[in-house]
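Handing you a structure now.
As written, the chains take the letters A, B and C, and residue 1 is the first residue of each chain.
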Amino acid sequence: MSGASLYLGLGVLLWLLGLHGLLRLRHPLRRIMAINLMGSGTFMVMVALASRSGHNDPVLQALVVTGLVVAVSATAFALRLAVAHQAHRSRQRPTGEHEE
Amino acid sequence: MPATELLLDITLGVLLLILAGAALHGTRLYTGIISFIAFGLLLALVWARLGAPDLALAEAAIGAGLTGVLLLSALGRHADEPAQPGSAVRTLATLLLGVLVLILLLRAVLPLAQGPQPLPALVNSQLEASGVSHPVTAVLLNFRAWDTLLELLVLLLAVLGVRQLQPAGRPRPGVWPLLQAWSRILAPLSVIIGGYLLWRGSHAPGGAFQAGALLAAGVVMLRLAGLLPLLRWENGLLRLLVLVGVALFLTVAAAGAWFGAGWLNYPAHWSGALIVLIEVAATLSIAASLSLLVVGERQELGR
Amino acid sequence: MLGWLSNAALALGAFFFIAGTLGLLRFPDVYSRLHAVTKADTLGLGLVVLGLCLRAPSWRAVVMMLLVWLLVMASSTTACQLLARYQRERDQAEGGDQDARH
């Protein structure tokens, strides 16, 4: 088993782990981390494919560099949405129930 | 020699899986976030192993550094999670479904590794005409410049979206002199290394994204150490910096469409200079946008 | 000769890293954990850098590795100080609460 196919499998596993977290975990921060894990898995499949036959494929690598910046922008927006949602909910809830 | 390399790869893979599991299922949310940051750092190592130093640089600065700061600052504003009741039946069903999907995906993905790879040769044959000598930069800013333009637009959209949600300024914890002193040393270093990466990008791994991320990391650090004033969206200079990348890119593209060979088709003699110009503007824009995303605050309007 | 020296330094460095990690995992409170991890890892990193310098191909690589070592050492010192200080402030705040309650 060569390095490239090892990392292909690892990327698929990471993607699955992220999907599991996204579907089964409740806390928004955990879900955002899960989506990021899925992204990392996808990137790993792409980069492993880029290095499959010795010389590296610059097109796939450039796509992943672009993807990283898009991922961090989306994460920042999602985190801000989660925080705003949390603030909204704790404002709506009557005081006292908040501690439960 | 290949045996030791395989050993390293397997160790890295197992560590990554453990850290990813800890990020999702660590007992405390804080532990999970720290595991996620460590995951990002190890991922940078994997990119270097896979022969993608551009990615390793970007991942270390963006994936591990900036995402970590974002997650930790969101954690500060979040309540802790309630305990989740686990159900054995659900876990079993998830596991079963996971194995099935894994088998399907592996059957789909593994044959791809044997497929032909025509793109590197194609890029190398056209590299002379692109104006730069590093293939990844050539792809990013010439062959597939569309992607980069749209990516800058996505970044701009994210900044606008975060701005709409009115992040309220929070009181910063007390400032520690040692942190200030060390940030004063590190900040010029981040400018130097960012500039070096930008300059290097035309002929070796490096470029606008890595340089921008590094500059943003420097700004974030200075802000957290309390050495910079509030980064406000209303600041005109900051707005200009955020917009200059997209504006310049669009100008070049439109000028090409009207006077030259077409949308985003650079004239042959100018391509090198144009790419450097766009890269400088994009670096500034990326640095300003990422800093705003991470530590930007809106001034409280006396509510 | 140089190769053996370099191997010995690398092995010793790895040993100190493992010792520091054990301390991080097994020690009871934040201060002793910080103590273990910063002391042992600084020494371990120094030995690893020494071992790699001995087999470096050029002086340029040696200088770069030394610069990296300096940078990492200074950052870990700062981070350690920040963590210890944060913990002390928390301890003091908790102690204050308990005093008020008593």
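In this text, a residue touches a chain if its C-beta (ideal position, glycine included) is under 8 Å from a C-beta of that chain, and two chains touch if they have at least 3 such contacts.
What you see is a predicted model; the values in this text were computed from it and never measured.
A.B. asks: As a test of whether you follow the contact definition, which chain pair has the most C-beta contact pairs?
C.D. replies: Counting C-beta pairs in contact for each chain pair, the top pair is A-B.
A.B. asks: On a CA-centroid basis, which chain has its centre farthest from chain B's?
C.D. replies: Of all the other chains, the one whose centre lies farthest from chain B is C.
A.B. asks: Rounded to a whole Å, what is the gap between the Cα centroids of chain A and chain C?
C.D. replies: 30
A.B. asks: How many angstrom lie between the centres of chain A and chain B, each centre taken as the mean Cα position?
C.D. replies: Centres of chain A and chain B (C-alpha means) sit 13 Å apart.
A.B. asks: Go ahead and note the Å separation of the Cα centroids belonging to chain B and chain C.
C.D. replies: 28
A.B. asks: I need the residues of chain C touching at least two other chains; which ones are they?
C.D. replies: none
A.B. asks: Can you tell me which positions in chain C touch chain B when the two form their complex?
C.D. replies: 71, 74-75, 78, 81-82, 85
A.B. asks: Quick one: in the complex, what on chain B touches chain A?
C.D. replies: 5-6, 9-10, 13, 16-17, 20-21, 23-24, 29, 32-33, 36, 39, 43, 46-47, 49-52, 54-55, 58-59, 62-63, 66-67, 70-71, 74-75, 77-79, 81-82, 84, 90, 94, 98, 101-102, 105-106, 109-110, 112-115, 117, 119-120, 123, 135-136, 138-140, 143-144, 147-148, 151, 154-155, 157-159, 161-162, 165-167, 207, 209, 213, 286, 289-290, 293-294
A.B. asks: Give the list of chain B residues in touch with chain C in this complex.
C.D. replies: Residues of chain B touching chain C: 176, 178-179, 182, 185-186, 189.
A.B. asks: Given the complex with chain B, which residues does chain A contribute to the contact?
C.D. replies: Interface residues on the chain A side: 1, 3-21, 23-30, 32-34, 36-37, 40, 43-45, 47-53, 55-66, 68-77, 79-84, 86-87, 90.
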